[in-house]
Amino acid sequence: MSALDSLRETFRRDQVFDFMRQGTRSVSPGQLDAGDGKNILYLEDITVSFDGFKALNDLTMYIKTGELRCIIGPNGAGKSTMMDVITGKTRPDSGTCFFGQTLDLTRLSETDIATAGIGRKFQKPTVFPEHTAFENLELAMHDAKGTWHSLFTRMSGEQKSWIEETLAQVGLLEDRDKVAGLLSHGQKQWLEIGMVLMQKPQLLLVDEPIAGMTRQEVERTGQLLQSLAGKHSVVVVEHDMEFIRSIASTVTVLHQGSVLAEGTMDQVQNDPKVIEVYLGE
Amino acid sequence: MRDSTFKSALSDRTAKTFMGVLFGATLLVTLLNQIFPPDSALHVSAYTVTLLGKYLCYALLALALDLVWGYCGILSLGHGAFFALGGYAMGMYLMRQIGDRGVYGNAELPDFMVFLNWSELPWYWHGFDQFWFAALMILLVPGLLAFVFGWLAFRSRVTGVYLSIITQALTYALMLAFFRNELGFGGNNGLTDFKDLLGFSLQSDGTRVALLMATAISLAFAFVLCRWITGSKLGRVVLAVRDAESRARFIGYRTEHYKLWVFTASAILAGIAGALYVPQVGIINPGEFSPLNSIELVVWVAVGGRATLYGAVIGAILVNYGKTVFTGIMPEAWLFALGGLFVAVTVFMPQGIVGLVEKHWPTLKQRFMKSDSNDDRPSAQGEPS
Amino acid sequence: MGDTFSRILAACLLIMLTSLSWAEELLPEETAPPQTTEETPAEEIAAPLSIQDILNQLTERSFDMKEAAIRQLAEQDSPRVIPLLNALMERELVHNRENDTISLGHKADGEWQLLDPVSEQPIGTVNSRAARPVVINNRLRTVINNQLALFALNSDNSDARAEAAEQLIGNDDPDMLSALRLRRESEDNARVIEQIDTALNIAALSSDDLTTRLNAIDTLSRNLHPEVKNSLNDRLRNTEVDAEKVALEKALARIDARIENFQTADTIFFGLSLGSVLLLAAIGLAITFGVMGVINMAHGELIMLGAYTTYVVQQLLPNSNEWSLLIALPAAFLVSAVVGIFIERFVIRFLYGRPLETLLATFGVSLILQQAVRVIFSPLNRTVITPDWMSGALQINPVFSLTYNRLYIIFFALAVFLGLLTLLKKTRLGLQVRAVSQNRTTARALGIRSERVNALTFGLGSGIAGIAGVALAQLTNVGPNLGQSYIIDSFMVVVFGGVGNLWGTLTAAFGLGIANKLLEPMAGAVLAKILVLIFIILFIQRKPRGLFPQRGRAAEE
Amino acid sequence: MSFSKSMKKLAAGVVASSAIVYSGAVMAADTIKVGVLHSLSGTMAISESTLKDTVLMMIEEQNKKGGVMGKKLEPVVVDPASNWPLFAEKTRELITKEGVDVIFGCWTSVSRKSVLPVVEELNGLLFYPVQYEGEESSKNVFYTGAAPNQQAIPAVDYLLNDLGVKRFVLAGTDYVYPRTTNKILEAYLKAKGIPEKDIMINYTPFGHSDWQSIVSDVKSFGSQGKKTAVVSTINGDANVPFYKELGNQGISAEDIPVVAFSVGEEELSGIDTAPLVGHLAAWNYFQSVYNDANEAFIDQWHGFTGDKKRVTNDPMEATYIGFNMWVKAVEKAKSTDTDKVADAMIGIQTPNLTGGMAVMNENHHLSKPVLIGEIQDDGQFAVVWETDGLVKGDAWSDFLPGSKDLISDWTAPIKCGNYNTKTKSCGGAAAE
């Protein structure tokens, strides 16, 4: 944000000066404030439009701390766009998007959001092809991320073992030194999940985790995600109804950029609107 | 031990081989030049010494570029600018050292200022009579320029072709600026007719050899430094930025900082190269800013082989040696050879000479692999570490 | 100052036509054999001399002598005067060193065909070094032109008269003025009258009568002819009369004010013209680089090839310079296109998806092309003749004129642009090009032979570069370095405009062109350029994808 | 050889050691090697490649005559590729590696400046054939081109006296030659009583191609009542677009004559000169000069290049003079040793191509006639004015404050390139 913008910020009529808002800013910026019972993510009337076409149409949705939420919806329903908004890749035209009580995600950069505790696994697995699996995790590891630090840092024993644990968790221990580019599609998916885990995120956004996985792999992924829920909040976007049924507590159906229905799997499946949409396809 | 430190980088095998070859060659040349009388068959003339010195400067420059291009994926078409700025800083020092031995015998002003009747020394020339100051500037000026430029560019995520083109615009603008005599850097003629450096006459073989040595040492130092950087976690992050920038951002790296860091570091190295270059060739002028030079530099790295460091060095030396030879034996046609080489390399050996060698010489490859498993990414094939 | 030179040519031609007719009638009487005089003309001055004698004085080296001779010649009452003066202007009066006489001469296969200056009868030939054209300098040219103008005043053609009158403006030689006055009475053509009045008014400025002077000043204050301004300034320096001073200052102020406006108009025109040059240079690149994502460093050399093609065409058709350009255009297009396709097939084909490496390869290619040209055409610049319809300027008024070549080039650039646009939008090839540039795999899936399309696209881009070369050959050097001087600017334009967007390229070209020209007066040529570059750098920071960002292979990276 | 060893130990002194390198190199040679140091590629190839051919032609001619001192001449051609540091490197190569006895080369000032330290260090011999800004005189360099007082000053005199010019535009490319020349002219014009406001100075970058604004400025500057002329020191490449623009904006020589110092027959050969008739150039030689020596030279040139259209120009004449003088000097000194030849050079006379004699002065500059020619429609110049006698080249201009007291005299007792007549001392490093 350039100096000018911040100046404008200071003089916004609808806002009190920062120094007077001390009370509300009890948590220093970058710190998450999402105690138990509170929601960890607030999306309120978010609208995003790409030259005319509304990808999100005042979408409102809340994610509770520690819950595992599945999001379904036909193509172009705005699932990925929503993820982009949360991770700061896309800026909404209107609406608010808070991480916990204090962090206004629409103001933070991708990096800030990542460090604040939101990890994202992309739809198309993106890992660092020329690094080994181990190194991929090392890079993702929750740690100081400054340039000078990374120049002088040496990996400590527990960091090493932590990485190995995660490798085991995503079942890549024997491929630890394989260059990521050479891993199979499924392995890449896992590696990426592993990387997200290494970030110690509060909130995981998982975009189509099981694409291109075998049956067994799918099951293991399911277990993995469930095991994560609780200490982390997890948002899964998926097409595969079976998979969702197998893991989901709450399901949100997106349609044309806004929430069509929300509830348990059975509820949404019997929801006439949902049926209409899906049969309509 | 995965995270290389300066010490480990110093002691790793490639570095050892590299420095071995480097110092071996320079020492040999030095001895041949100093011990044998000029008329003996074994004598190495001052010509060869300065020539070698020039090659090593270019090698250092290529090394600097390889760091940003090979490892960080930033194709800078403006690295010549940093080289030239370093050169000018050194040139200004040498200029002031001439003192009253200029043709006009003016102790204050360099000759070109006298005959364009400048009344007194422009402010930015002050301090350059001190070597330490000049030395500082050699690091500072290119560094600062790179920092400011990079900060602007990377912050606003200018990438790929766009970045390349504006780096080119940068060096082009600087060239035009330095051509202007009003700027007070001697315009097209640049700075020349240097007398001595730190009190040693630039025309004595002793100084020449010393300069060659200095260049060799700084090249070796830079090489080890680069290996350290690329071997450290920073190096891995930088590679990550090159391969999947957004991914790196989403796991919490301020990629622009990393790019900026590497870009600046590389610019400083380029500056040093320039500073060593000037006293050996005896002139610095705006031609060094010419965008074509920068492009050619990129080609050296491509010829040698990207993201291998020593590839860049080999490329720079080979191409320039070729130039020296061909401009001599086939003055009319050498450009054909050069152009042909560039085309052939980019089309038929994208990994450059080094890549080719590694492919067709498994035994050699083995040797490299062992020592390079940490950081020789392009050739990494899931080798054991 | 208008295009004096071409004006003179026109005048002379007409005069020759009119005068030749008389010459033929009078020939029989004038068949005196060419005699040569050994005496120096100095002594002879008094006695009446034959035309041949007068001419022979031109063998003198001193220009004063020559001038005297010319004036003498002009006074002769003979139909030969005008043709001879023209011959002198055209360097067709030659000094035969063998017998030290002057005669008409034409060079033909290394020899001078000499003609008798009076009878125009051939009087033999001498080898090319035995005779030399009579040398005249600027002063003599002015004298001759004035004399010719004087004659032309009474020509039947009104344009000739007008030009003659303008030539005489600011000339204070009394008998010239009287001639003008004489003409003024019988003259009916408005344009001629205007010119004559200007001339007479200027003369009136130096009359002794104040009121005449004031009137003259008043009428002149509406006149932009530079001579007017000069003479008013002169007057202002010399006059003591306050009333006149005031009047003069008012008049000058008025004139300057008008000139001011026209100068801004000038600057805009210059900007447009520079813009059109940039557009021509960049537009081919907008295809190869913008649409295909090939960083073609050899683009400049393709332009150069176009320029050389123009040269070759003119060499092949030596006596058709007027329309040889029309042949050069398609020729240049073909040559560059073929070379382009060649490059694409043998180099770039292997490098798709690696834009930064195409840069290196094509840089090599550019070196080769340059040296090739040096070897074939020698490193010297080559002459490209500018056809008459392209030289000179469109004189809107004495202070504001648009040079034809630039005018044409502006239109030409726009034409090329529109042509290209329609090609891409309307034709099947255009469709395929865009398809491939968007997504080659899908395009292939749809059965588009992307191989072929690529080759054709690159050929197209290169061909257009060739066409640009034809135009640029009219403005600048045709030499091996032609390309280098345009390549960087072209890239700036394309990137500034936004890769892959033709409209962007158009806007960028004209935008930068005009900006440059607006800066130039205050900053100077170099600084202006630097400022523009810095602006581009900063602009790219703000909008990292240029003016009109567009998706496309180059934009992807 | 023991001698040279001890020498080596004794003297780190460069001159000595390299003198040995040098002599050692030539001892073996039974031919005399002549270095040719002109760019064959890059931006300067346009002008320089012609001079390369000229030298080769002269050598061929000389060898036909039986060489020099019974030895054949052997040309060594290298390509410094218009790259200034490369000029220095190639010089070193020519002298130490090839062991040439003399070098003919350079065109731009910067290339000469870059070569200068090397020839001085290795005590080589350089003949520099191009008109230049002066302000230099080296023991090892002979300047056969014009110094400012052999081109600029007479030209301006012609404008002042013969054409009655009152206002001057000094237009040049922004590098040292125009800068210095214009400084000199400015001082000179002021001395002649031309007020500041009647002098317009304008600099443009190399290869400047868009002259619209500048030409129209000149046009309006010229329409102020007083006779105006342009003194152009615009460098090679930029001239074509400049003259084209002049022609198109209808500036004829009668209105505003342009007198150029860097435009010769060769530059014109790239332009359609019809609209330029009457514009001027000042040189020491024109191809159109009529005398047998010149005709012979032209024929020889056409023969050598096999191209009847090839033109000759002033730098070629300078090369011609320089070469002949060197031959004479070598025969006079009976040696190719630099110092001997350099001493022999002074006072040498050879015919120039304009019907007179060229004299090498003690300041290593020539005495030459100055001619002013008007451009003709056939791309040639017609001489309209020339100096009565020879003008002696002045190494240090009297019109620059820095150098008015400096002279150059390489004969005993002064033996100095920049001798200060005030302090009676040899200032600067050129002393040794």
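Annotations for the structure displayed:
For reference, chains read A, B, C and D in written order, and residue numbers begin at 1 within each chain.
Heads up, the rule we're going with is that a contact is a pair of C-beta atoms (placed from the backbone, for glycine too) under 8 Å apart; a residue touches a chain by one contact, two chains touch by 3 or more.
Note that this is a predicted model, so its numbers are computed, not measured.
In the absence of subunit B, grouping the other chains by touching gives A | C, D.
Compared on C-beta pairs in contact, A-B and B-D come out with B-D as the pair having more. Greatest centre-to-centre distance from subunit C is found for A, with centres as Cα means. The mean-CA centres of subunit A and subunit B are about 44 angstrom from one another, to the nearest whole unit. Taking the mean of the C-alpha atoms as each chain's centre, subunit A and subunit C sit 67 Å apart. Centre-to-centre separation between subunit B and subunit D, using Cα means, comes to 36 Å.
Centre-to-centre separation between subunit C and subunit D, using Cα means, comes to 31 Å. Shown for subunit C are the residues in touch with two or more other chains, namely 370-371, 484, 526, 529. Among the residues of subunit A, none is found touching two or more other chains. For subunit B, residues that reach two or more other chains under the stated contact definition are 176, 179-180, 332, 335.
Of all possible chain pairs, those that touch are A-B, B-C, B-D, C-D. Per the touch definition, subunit B reaches subunit D in the complex via residues 37-39, 45-47, 50-51, 54, 98, 100-106, 112, 114-117, 176, 179-181, 187-190, 192-195, 201, 203-206, 281-283, 285, 287, 324, 327-328, 331-332, 334-335.
Subunit C makes touch with subunit B in their complex at residues 289, 293, 295, 297, 347, 350-351, 354-361, 363-368, 370-372, 375, 484, 488, 491-492, 495, 499, 526-527, 529-530, 533-534, 536-538, 540-542, 544-546, 554, 557. By the touch criterion stated above, subunit B contacts subunit C in their complex at residues 75, 149, 152-153, 155-162, 164-166, 168-170, 172-173, 176-177, 179-180, 291-292, 295-296, 298-299, 302, 332-333, 335-336, 338-343, 345-347, 350. Contact residues of subunit D toward subunit B in the complex are 1, 4-5, 8, 12, 14, 17-18, 20-21, 24, 40-41, 77-81, 83-86, 88-90, 92-93, 96-97, 108-110, 113-114, 116-118, 121, 135-136, 174-176, 179-180, 183, 203, 205-206, 400-403, 406, 417-418, 420, 427-430. Taken together, the subunit D residues at the contact with subunit C in this complex read 40-41, 43, 45-46, 49-50, 163, 174, 202-205, 207-210, 212-214, 216-217, 219-220, 223-225, 237, 240-241, 244-245, 247-255, 257, 266-267, 269-272, 275, 277-278, 290, 295, 374, 376-377, 382-384.
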